[in-house]
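Each of the next two complexes has subunit A plus one other chain: subunit B in the first, subunit C in the second.
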Partner chain A sequence: MTAPTTTATVRVVKNYDKPFWRRVLLSRETAIVVLLIAVAIVSASTVRGFNQPLTLTFLLLDVAPILLIALPMTLIMITGEIDLSVGSMVGLSSVTTGVLVQAGAPFGVAALAALLVGVIGGAINGFLVTVVGLPSLAVTIGTLALFRGLAVGLLGTTAVTSFPVEWTALAKAKIAGTAIPYIIVPFLVLLVIFALLLHFTPFGRGVYAIGLSKDAARFSGVHVERTKFVLFVLAGVVSAFAGIFYTLRFGSARGDNATGLELQVIAAVVLGGVSVFGGRGQLYGVIAAVLLIGTLSSALRLVNVTSDVINIITGTLLVLSVIGASVLAFLQSRRRRPAPTPTVAASAAS
Partner chain B sequence: MTFAPKRVLALAAVAVTAALALTACADTGSSSPTSGSSGGSGNLSITFLPKNLGNPYFDTSAKGGQAAVAEFGGTFNQVGPAQASPDGQVSYINTATQQGVGALVVSANDPKAICDSLNQARSAGVKVVTFDSDTETSCRDIFVNQATSDGIAKVQVDLIAKQIGDSGEIAILSAAANATNQNAWIDKMKALLASDHPNIKLVDVVYGNDDDQTSFDKTAALLQAHPNLKGIISPTTVGIAAAARYLSTSAYKGKVALTGLGTPNQMRAYIKDGTVTSFALWNPEDLGYLAAYAAEALIKGEITGKQGDTFTAGKLGKFTVGADGTVLLGDPFVFDASNIDNFNF
Partner chain C sequence: MTTTNIPVSAVSRTIGRLGRAREFGILLAIVLVVAAGTVKNPSFLFSSDGWRDLLLTPSILLLVAVGQAIVIITRNVDLSVGSVIGLTAYLTGRLFSDIPGIPIPLVVLIAVAAGAVLGLVNGALVAFGKVPAMVITLGTLYAYRGIGVVWAGSNRVNASDMPSSFLGLGTGQILTIPILTIVAVVVLGIAAWYLRNTRGGREFYAIGSDPAAAHLYGLRVTRRILTAFILSGALAGLAGVFYAARYGTVDSQAGTGWELQAVGAAVVGGVAIVGGVGTVWGAALGAVLLLTINRALPVLGIPDFWQQAVVGVLIIGAIVLDRVLAVRQKRRLIETRDQA
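Right, the complex of A and B next:
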């Protein structure tokens, strides 16, 4: 290969000369899954009130919006981009649904309009990032304020609460005979779609390639701009869907719904092993991370730990996981190459 | 590429299933967590859920609640979200349901959004008392109301009448022009002035939009436009503090009376320097105290929340449940130089 693609090439070589089982066992994702299982076991056996079906129901209802939005966010962050406007889009979708229902539209129509708003909002992000060429961090900080401003502007300080009971009941209903709420069904459908997209299509391979090296990806024939545009639209529409769920679950459309949700999503995606520099990450790690944070918060609330302390604990976990990953990567590169050539070491660490 | 798609996907599926199944399996094995609380008779563990934590107003109400719970020998706990959001409260309501607490004492961030979780808690045997901010009546057993519109209007008219000698021009500095509460109070104040204080003339109502700077400017304009003004009523905590700040450094200090609804921490300096003689609000400590006793009475089955039920709330005495399951704390509390240092909110 030629000089510009050195980084990508070295990484591929580096990962493939380990056996599969070692890659899995030592991976960041596995660590999160193990931690999730450990936290679940410890909580179930020591925390009073945790060991009951209600816990699972409440937990999944609480994390459902994060789970949903984490799917497109994972792909976006693997390309090395970010979308900070998702929480505001949840709010805007919620308000859109509310305003239309208040104006007399059937709920289905209002929900479709909210999804359309999601597509448009995502397309605005995508347009500014790919066509205009602005950094996604700056663009989505802007649309974070813009979407939230529209949401609050449309409803002011009032709330719409007149949603059809059959819909609000559906948002909280459990699958017959289980403690699992129905919202998990659309989530699993989306999970399968996103997993297939990421792992079994040229589009998905393009996503990783863009994150490793945008220029190399472009030279290899990946439609860099088109891929990113599609991902931002997906983030918009999935956020809008999460907004409809959010509205129904709480039976209340408010301009300030889901304020700060984007940070919870991004924290989970990073904890789940997605590199903020792009090129690295797996959906299962992210899902395990969302469930880990949810389970931990649920257990800590049950032992009357205050919200501030819960934030401190999840924040520390996030920082430790990032440090741990860097240290692990460093140790592996040292151990596996006793006499590294300077160029390889430099590019592997980059 | 850097991964083996099929195996990774399979692992992902296994991991998620395992994680879910693990929690789900854990579910079926255990006994009911609400043991001891069902029936709602003896479980005196009472959880306060304010709009948010770290809010001096709710710290004060929690102090009252804690004192009451200590008196009747229950367990007091206060939890809450860091930001005043309904979804944050729902998580804590759900947690209380899982814990099987005896009663939940809530100040609602949204009258509707937390309804379903409150009702889920109630069907699990948790008694629900709202205080400060009510939910819809179908979602709680009792609402402990801090003050009625009539009481709030009357105390402000009485205070201004006393301070200006029951005659002369007054004006009102309100919040937003369409603020529901303030407009209801202003209408009642106008009626009271007309019927009981014929010599007091309300010359103007201005709106500071609950914005500090706007309220400050409106106060200045008001005093310029009405040179004979003897008093100002500001039925909003933002307005009264801004008006007091203007008066305290102006020539009108001590000449134009100011009263209304304020909080002790905002108003302390102006009480001490003589700008303001007295103002009103309810006492959040008593509010928390009463809410805790209402929770106790519900848990013990002494009351059910229907109109006419009576219970005794320690040092505050006997209370009767009114229409819509509402218990009224009483007349607003008047703060002046003699008592303001007893409060921190």
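Right, the complex of A and C next:
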């Protein structure tokens, strides 16, 4: 810890000895996608009212903020960092929009200001993590309190509800002829951007490299600090955008908007197969996980199960999914090596 | 551990001073806040209500922060404590209302044991599943809260359901010091002694400093991590009892969000989130500081809506300060080494 030794943990990307089809078909992401399809089919055939188009509309409206924020969160967690402040940023962006609209600013200006707040908030996180060199868990617990505190402080217990009708209507409007709300359009645009960024640019390769080994990534020329900084700013600005949507959807800007959203986002990201140690994860797994939780929730709500049971299911799914992966890895290592060898020797050998 | 190969005297004294300075600094901050509040409104400290609240308010968070500090020192984190408080507080209330005449010590024991079991579940999943504590306890945060909500539904336990002798614990004082505060401080003292003076306590620090080294050295890492989580759960269970006694009404949402307050208190108190550093005293003082500021803000004419923002600034300030001190200390150590 104190001496510059070479004890950086070496983690080996497993499973590349298997054929491509096995890697794809037996992956964590595939399991989540299959589970999502299964849940959707079972719900559609057994739950009354699930087949109505309105179900899909509300499902997408409900999960939209989580879907949006899960994109940058996936990248942040692949680098091995975390951002707990996103829920508070949603609240702060919501309040910023509300306060400015209340003060008479046009909605567009207020929304731009909220996005700017998102950039600044993300930059604060990024600065503290990359320049000052603090652990992101501690930093973002601090900014979680700070952003939420600013939001609550600015509005107190009051709420701003005087938003232009054309905007609030747009947030809930469906694309003509379908049951899909318009918010999916910006989501898809962001999804394409993030997917291209992650899978087709040196920046994206750097994201994975940092998560696998920060030191190795630095020695290979990855701009570790710059990459992380950019990711935190992206998380801030996307959260701010989600905050504007959240405000419009419920037609109300309140200091406590989206409290606890960060945990839902992180739960979905981890469920979707992103390793909390970093270095591993796919966007499609995360999106499937968000939709899985959303589908389960809306199906259960239709059979009059309260939202709290959904929380149990989210929590249990999360625990089971990580434990399941561990158990599986344990069993595989047992099967391959009857005589257990020390992990250090094993990773050095491969 | 780096002090072995350098002249000990000056350096170890510096480290000792830094360690002491942290708790001292927070104490100073608490005194300043209390002084400011008292100057503005003398009844902040000098009325019987003010004095009591000053001591009583932090005592519940103090317990949780102590448990959290122990877990964080082992390089883990327990995000489920808020939900454990909710479950055990409701359990306390239900025991009183369902079994009339149940002795109070038995209820306390059951609630603490229930908390310990919930902590054991966390610990077992973390230690045997080899999964990061953050993920596990994030999952159990939802799961435990959900169990509480399913169990309680929209019911709540009211003060009338609980015996007055139990509620008396929440308001009772001995020599003007609230009973709950005395219990919390005794627990704090035991925890501090355990962490400082026993083999088990020191092993927590060893594991947090370097889990791999601790394992190679032959420490029973799994067992210690289990112990840390059980302690955190049990202390959250005790905090749940306190909660019921102090507030008199418990619904399914009791303790929501306390996990971040507890982590915040520990971090402000100088417990490093990366493990191996910090004391339960620091965490306890951190808890007192956070809640005292909370009470002082309205007195100072700042709407208490801003309290969370102040807490955020404090947490960030505390970790930045730690970082600056660590960097300076490292530089000094290197200088000392180069001179030698």
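To be clear about the criterion, the second predicted complex is superposed on the first by the 315 of 350 C-alpha atoms of A that agree within 3 Å, B and C clash if a C-alpha of one lies under 4 Å from a C-alpha of the other, contacts with A are read in each partner's own complex, and residues count from 1 in each chain.
Definition applied: a residue touches a chain if its C-beta (ideal position, glycine included) is under 8 Å from a C-beta of that chain, and two chains touch if they have at least 3 such contacts.
As the structure is a prediction and not an experimental result, all values here were calculated from the model.
Of the partners subunit B and subunit C, which touch A:Asn311 in the superposed model: first, second, both, neither?
Once the two structures are laid over each other on A, A:Asn311 reaches both partners.
Subunit A residues in contact: does subunit B have more, or subunit C?
B
Taking the superposition on A as described, I'd like to know which of subunit B and subunit C A:Ala179 touches: first, second, both or neither.
Once the two structures are laid over each other on A, A:Ala179 reaches subunit B alone.
Using the touch definition from the top, say if A:Val39 reaches subunit B (first), subunit C (second), both or neither.
Neither partner.
Have a look at where A:Gly251 lands relative to subunit B and subunit C in the superposition and call it first, second, both or neither.
It touches subunit B, and subunit C stays clear.
Should A:Phe277 be classified as contacting the first partner (subunit B), the second (subunit C), both, or neither?
Second partner only.
Should A:Leu190 be classified as contacting the first partner (subunit B), the second (subunit C), both, or neither?
Neither partner.
After superposition on the shared chain, which partner residues are touched by A:Ala113: those of subunit B (first), subunit C (second), both, or neither?
The answer is neither, since A:Ala113 touches no partner chain.
Please indicate which partner A:Leu291 is in contact with in the superposed arrangement: first for subunit B, second for subunit C, both, or neither.
The first partner, subunit B, only.
Looking at A:Val224, would you say it contacts subunit B, subunit C, both, or neither? Reply first, second, both or neither.
A:Val224 sits against neither subunit B nor subunit C.
Shared contact residues on subunit A for subunit B and subunit C?
259-260, 306, 308, 311
Which of the residues in subunit A come into contact with subunit B in the complex?
Residue positions touching the partner: 11-12, 15-16, 20, 24, 33, 36-37, 40-41, 44, 48-56, 58-59, 62, 159, 161, 168, 172, 178-180, 191, 195, 199-200, 205, 208, 246, 250-252, 254, 256-260, 280, 282-284, 287-288, 291, 295, 297-298, 301-302, 304, 306-308, 311.
Where on subunit A is subunit C touching in the complex?
Within the complex, subunit A touches subunit C at residues 1-3, 82, 128, 132-135, 137-139, 141-150, 152-153, 156-157, 255, 259-260, 263, 266-267, 270, 276-277, 306, 308-309, 311-319, 322-323, 326-327.
Which subunit B residues qualify as touching subunit A in the complex?
1-5, 7-9, 11-13, 15-16, 18-20, 22-24, 26-30, 32-33, 53-54, 77, 79-83, 85-88, 90-92, 94-95, 97-100, 110-116
List the residues on subunit C that touch subunit A in their complex, please.
1-2, 77, 125, 129-132, 134-136, 138-147, 149-150, 209-210, 252, 257, 260, 263-264, 267, 273-274, 303, 305-313, 315-316, 319-320, 323, 330, 333
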